[in-house]
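What follows is a short report on a single structure.
As written, the chain order gives the labels A, B, C and D, with residue 1 at the start of each chain.
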Amino acid sequence: MAIRVAGALESKPKKGVVDPIELLGRTILRARVLEDKLGNLYRAGRIVGGVYLGKGQEALSGAGGLALRKGDIFAPLIRDMAGRLGFGEPMVDALRAYLGSRLGPMKGRDGNIHRGDITRGILPMISHLGAMVSTVAGVLVAKRMKGEKGRVGLTCAGDGATSTGSFHEGLNLAAVEKLPLVVVVADNGYAYSTPRERQFACEDLVDRAKGYGVEGHGVDGTDPMACWKVLQHAVERAREGAGPQLVVGKLLRLCGHGEHDDGSYVEKKIKSSERGRDCLKVMEEGIKKRGQEKEWQGWREEAQREVEEAVAKVSAEPVPDPFEEDWRATQSDGMAEVMVAS
Amino acid sequence: MAIRVAGALESKPKKGVVDPIELLGRTILRARVLEDKLGNLYRAGRIVGGVYLGKGQEALSGAGGLALRKGDIFAPLIRDMAGRLGFGEPMVDALRAYLGSRLGPMKGRDGNIHRGDITRGILPMISHLGAMVSTVAGVLVAKRMKGEKGRVGLTCAGDGATSTGSFHEGLNLAAVEKLPLVVVVADNGYAYSTPRERQFACEDLVDRAKGYGVEGHGVDGTDPMACWKVLQHAVERAREGAGPQLVVGKLLRLCGHGEHDDGSYVEKKIKSSERGRDCLKVMEEGIKKRGQEKEWQGWREEAQREVEEAVAKVSAEPVPDPFEEDWRATQSDGMAEVMVAS
Amino acid sequence: MSVTYLDAIRSAQEKALRDDPRVFIYGQDVGKFGGAFKATKNLAEKFPGRVVDSPISEDAMVGMAVGAAMEGMRPIVEMQFADFSTVGLNQMLNHAATTFWRTGKPCPMVLRLPSGGTPGSGPFHSQSMEAIYSHYPGIVVMTPATVEDAYTMLLEAIELPDPVVFCEHKLLYYHLKSEALPESAVPAFRARVVRTGRDITCVTYSAMVHEAVAAAEELAEEGYEVEVVDLRTVKPLDTDTVLASVARTGRLLAVGESWPWGGASAEVVARVASEGFELLDAPPKRLNAKDTPIPYHPNLWAAHRPTAVRIAAGLREVLRY
Amino acid sequence: MSVTYLDAIRSAQEKALRDDPRVFIYGQDVGKFGGAFKATKNLAEKFPGRVVDSPISEDAMVGMAVGAAMEGMRPIVEMQFADFSTVGLNQMLNHAATTFWRTGKPCPMVLRLPSGGTPGSGPFHSQSMEAIYSHYPGIVVMTPATVEDAYTMLLEAIELPDPVVFCEHKLLYYHLKSEALPESAVPAFRARVVRTGRDITCVTYSAMVHEAVAAAEELAEEGYEVEVVDLRTVKPLDTDTVLASVARTGRLLAVGESWPWGGASAEVVARVASEGFELLDAPPKRLNAKDTPIPYHPNLWAAHRPTAVRIAAGLREVLRY
C-alpha cells in the first residue's frame, strides 16, 4: 500500500515553475540544521527541559507543512520542526521557545515543542497525545460555521498516539462532520521505547481508515517525493470536500525520544532496513543526481547562517521576569460588572 | 457481510441433545416477560430511577450469554437482560436491583442495570460507556497470569459506545494482549435519539475489526439462530486463542432508550425494515413451524410464574436502612497498623 | 406564566443563539431531540445547523469546543450528565483552562453540567463536580441556585472571555419556578445574601441554598436568625461577601452537596479562618455529603446528602458553642 | 551504599514482585526500558511477564488494572507523568474508587504518579494531583516525602485492599538520598512530626516538607521554633497529629505545592479551624502555588511554587500576629 515514487527526485528543475524537490529539500535541510543545533545547545546545557527532535521524519512532516496554504490550520506534534518551517513558522520561534525568551510565542510560560500562534494558524500543542485532533476539528467546524471556505486543517501524530481515546474520538468526530482534516501519522515503529507490536495489533495503521469511514493513504516516509505527492493529494482531497484523510508514513526516528535518550532500544535490523533510511540522505542523493550539488551546499550554508543568526539574536533577548508577570489564568477574574439581560 | 441463517429455526429438536433453539427461545422469552413486567412496575411507580430495556435485542444478547460457560466472564451493558439470564443471573437479582432490596447484589447502594457479582463472573457495569471493555480485558489478563486457562470474557456495547475513547483503548489493548475477549456491538441504529450517521461515518462497524487486528463478525441481530451461530463461533475462536472477536449485530431497539422515552425519533422506514423485526416473533414463528407451539406457550407461562413469584418475594424484602449502613468507601480507612518492611 | 429553572437555561441559550452568531450548542441528543433534559428543546429547529448532535465522545466534544473557541466562536457544550464529564476533563483542565495563560489568546466556551443528586439516580448520575474544576486554574465555575441566576449567569457565562463550567442542578430543573425571566442580574462573581440574619452565616450554593433557607426557617421558629449566603459562582469565590456576613454574625456553617475533602465548603472555611479569624465567635463548620459514592436508593440518598434537617442540626451545633 | 528516593520506589516494587505473586506492573515503557524515570529498571528481566509495556491508553490502563484487581491480582500502574492521569481519571474515580462500596468486593491497585514540578518541565509535566483524587470517595492518596516513606508506603499501598494513588515527587527522585532502606515504618495513615518546635506548626507533604524544613532552619536563626508535620498520606488525613501539634504551638501554616482552591492545604486549614478552633492563637494560613498553569521557565517556576523563602515569609506572617 505504501506509496513510493521511484526516480522522482531525478526530474530536472524547470524555470519559473515551483519546484517541489527544491522546496521540500530546503525545508528538510533547514529543519535538520536547526535541530542539530538544538541538540548541541541541549548538550551544552543551554536549554532547560527536554529537546524533542524529528530527525529522519522531516520528509513526511515537511511535506505536510508545505501542502498547506495561508489560512489553513496546522497542529504539529513533537517531531514536526520540518512541518512548522514548511508552513512558515519562523525559526526564531523555535529558538525562543527552547531558550525561554520572553519575546517568544509562549513568553517562557510554556516552551520547547509546546508553541504556536493561533492567529497564524499554528495551534500550540498540549502534551496529552491525541488531544489536538479534536481541537483542529473544532477550528474547522468554526470556519465552516463562519462561512470560510476552502480551509484545510492538518495535524500530526505518532503511531503511539493512535492508541489514545482522544485520537479515536477526534478522528471519528471529524469523519462524522466530514471535515477537511488531514491526520498524518508518522509510524516510526516506536512510541518512546515501546515497539509497535506492543502498541497495536493491526498490520498497518492505514487499515483503520475504512473503519472511520475516511480515505487512507500509506506512504514510505523515507521517500521525500512520495511524501510530497501523498500529502499534496490528501490535502487536495480534504480541500475539495472528500472529508478527513488519514496518511500513514512508515519511517524511523533517527534520534532518541528526546535528546536525553540514546534510543538504544531500537532494533538493529530495523535501523538497517529500508525504513531506517535517512530522508535527508535520500534527498541529497537525488539532488546530486539532478546535478544540483552546489545548490544543496549553498542551501545548507544558508540554513546554518540562518540558525546561527537566530541563536545569537535570541540569546541576547530577555528572559521572563516573575515580577512583571501577570499571574492570572483567566481574563475575567475580578471582573464584576452588572449584566442587564433584556 | 451480516450472517443470517435461513430456515435454521425449522430444524427439529433431537432427544438428549442440547437444543439451541429451545435454549435461546426460552432465554429470549424469559427476558421479554421479565422486561415487560419491569416496564409495568415502572409505570406503576414502583421503581425509583430509570428502567432500561433490551426489547428486540434479546437474540443477540441472549446468544452471547448462552455461549459462555461457568468460569467465563460476562460484562453486560444496559440492554442485556437476555444475556444475563442466559449466563445464569437469577431473575431475582434484576428485581432486587430495580426495586432496591437490601438483599440484592448491590444492596440498594447501586441499582437497575448497575448490578453484578464478580464472584459469579458478572461484572457490575459503571455508567460510563466503553469502560467495561478494558475492565474485562483486565480480568482476562489476571486469569492468564494466574494460569487459568480456557476462560473467555464477553462484553456488550451499543453502536454509540464505539465512539468512546474507552471502547477504542480497551479493544486495542485487548488486541495487543491477544486476549480471549468477545466484544458484542448491538448496532441498533441509534444512541438514545442520535442516529448512526451522526455517530460514525463508516458503513458497517464490523469494518473496524481489521484496524484493530481482530476478527470481525457481522450478524443479523433479528435472526436468533444466526446470532447463536455467530456467538458460538466467536466465543470458540476466542477460547482457542485467536484473540479478540468483534461481533456486530444489526437490529433495532423496540422500546425507548429508557421507559421514560417513547422513542418517537426512530424513523418509520427503519421500523418497518428487516432491521425492525422482533426477534421474539421470529423465534415464535420458527417454533410454531417446528410444531412446538404448545411448548412455547408453556415456556411463556413458566416465565410469567417465575417473574410473578420473584416480584412477590422481592416486594416483601427489606429496603436499605441508612442507620445500618456502613458509610465507608474504603476498607482501610482508619486502619493504622505498623508495617515492618524486611 | 411561570418559568422553571430549566426554562431559564433554555431561554438563555435561545437568547444567546439569537443575539450572537458566534454561539452554537454541541452535545449528545441536543439537536432535534432537545437534549436528555430538554434544555435545548426546539432550538435546533429555530437555529438550523447551530444546535448539533455529537457522538458519545466527551473528550472530543470538549476538544472540539476548544478549537472552535480559539477560532472565535462561543461554543456551549452540554454533557448529558455532569458525571460523564470526567471523560472530557482533560480537554477542559489542560487545554481550555491553560490556553489564555499559555498563549494570551482567549478560549471562551461554556461546559454545561447537569449536576447533583435526584432520587434513584445513583453513583454515576448524581455528582457535583465543581471542586474538581475549581482546583485547576483557568476556569470560571458557576453554580446557580435560582431561576433568575440560571438565566442571567448562563448569559454571562457565554459572554465571558474565559472557559466556564456551568453546574446546573437537576433537582431544580422542573420544580423550581419563578414568575418571569429577570430583567437585571446580580453582578458577576458576586455572592448574594439570600436571607439576612444576625446569629449565624450559612454559606452554600446550588440546590443546597434551598435546603439552607428551609433550615433557616426552622431555626427562626427557635428564635435564631440565620443569614444565608448563596455563593453563585464558586470560582472565583466572593470572599468579601462571605466575610462581611461573618462579620455581622460571628458564626459560619459552610454547606456543599459534594464530598467533603477539598470541596467548596472546605475552601470557604479555610478562607474565613485565614482572613476573618477575628470575626469568628465559634469554630467554623462545614457540612457535606458523606464520603462514599452517591447511593441509588432514596432512603440512603436522603441520608447521604445534606438536607434542611441536617443543616439545621449543623447550625444549632455552631450556635450552641 | 546510598539509596535514592527513586531506588526506594524501585526496591519496593521489586520486593512486592518477589514476595507476592499477585503483583504486576503495567505502564508505558516500564518493561525492558525500565520506565521514563527508571523506576522499574531491570524488573522486567527479573520478573518475566510481570512488568508489562502498555499502549498509550491511560483510560484502558487503569480500567485493565481495575479488572485485574477484581480478579485477585495486585496491579501497579505507572503513569508516565501524573499530568497524563487526567485521561485515566474516570476509571480511577468512578470505577476503582466505587467498587468496594458498590459491591463489597475490594479493588486493590496502586496508581503511581510521578508528580510535582521540576525546572523546565512546564504546564503538563509538573502537576500535583492529590486534591482531585482525594475529593472523590474510595481512594487512599499517599504523598511520601522521604526515601524511607517512599519505600515503606509503597509496600503498604500494594498491600492495602483499597485503590491507592501514590504521588511520587520527581524532584526527589535522584537527589534525595538515605543510607539504607528502612527496617520499620511509621504507622499507616499517620502523619509524622519531622521537626519539633513550640512556636508554630507547618503542615505539609511531599517535596514541600524539605522546603518547610529549610524554612524552619531559617527561622531557627531568628529564634523561632517551627514544628514541621509531614502528612505522608493526604487521604485519609491524620487530623489528630495535626491538631496535637497545633495544640502545642497555637499557630498553623499549611503548605501545598498544588493550587490553592480546594487543595490539601485548604482541607488542613478547614479541619484545624473546625476541630481545633480553641487551640489557635492566630489565624491559620496556607501557602500554595499560584493559581495559574505551572510555568516552563525556571524563573517563573521558582516564583510560582512555594519555596523555603516563601514559606519562611508565611511563617513570619503568622508568627507576627
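To be clear about the criterion, a residue touches a chain if its C-beta (ideal position, glycine included) is under 8 Å from a C-beta of that chain, and two chains touch if they have at least 3 such contacts.
Keep in mind that this is a model prediction, so the values were computed, not measured.
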The chain pair with the larger count of contacting C-beta pairs, comparing B-D against B-C, is B-D
With chain centres defined as mean CA positions, report which chain is farthest from chain A. B
How many angstrom lie between the CA centroids of chain A and chain C, rounded to a whole number? 40
Measure off the straight-line distance from the CA centroid of chain B to the CA centroid of chain C, and report it in whole Å. 36
Whole-Å gap between the CA centroids of chain C and chain D: 30
Provide the list of chain B residues touching at least two other chains, using ranges where the numbers run on. 106, 109-110, 114, 126-128, 163-166, 169, 172-173, 176, 198-200, 328-329
Please list all residues of chain C that touch 2 or more other chains. 54-55, 57-60, 83, 86-87, 90, 94, 97-98, 101-102, 123-124, 137-138, 290-293
Taking chains as nodes and touches as edges, what kind of graph is this: line, ring, star, complete or other? complete
Which positions of chain C touch chain A when the two form their complex? 15, 24, 49-50, 54-55, 57-73, 75, 90-91, 94-95, 97-98, 100-106, 137-140, 151-152, 155-156, 159-162, 181-185, 187-190, 236
Counting only contacts in the complex, chain B reaches chain C at residues 47-50, 100, 106, 108-112, 114, 126-129, 160-161, 163-166, 191-194, 198-200, 265, 319-323, 325, 327-329
Over in the complex, which chain B residues touch chain A? Could you list them? 163-166, 168-169, 172-173, 175-176, 178, 197-203, 205, 207-214, 243
Taking the touch rule as given, give the residues of chain C at its contact with chain B in the complex, in rising order. 28-29, 31-33, 36, 53-60, 81, 83-84, 86-87, 119-125, 290-293, 295-300, 302-304
Considering the complex alone, what residue numbers of chain C touch chain D? 59, 83, 86-87, 89-90, 93-94, 97-98, 101-102, 123-124, 131-132, 134-138, 235, 237, 258-259, 261-267, 269-270, 272-275, 277-278, 280, 282-286, 290-293
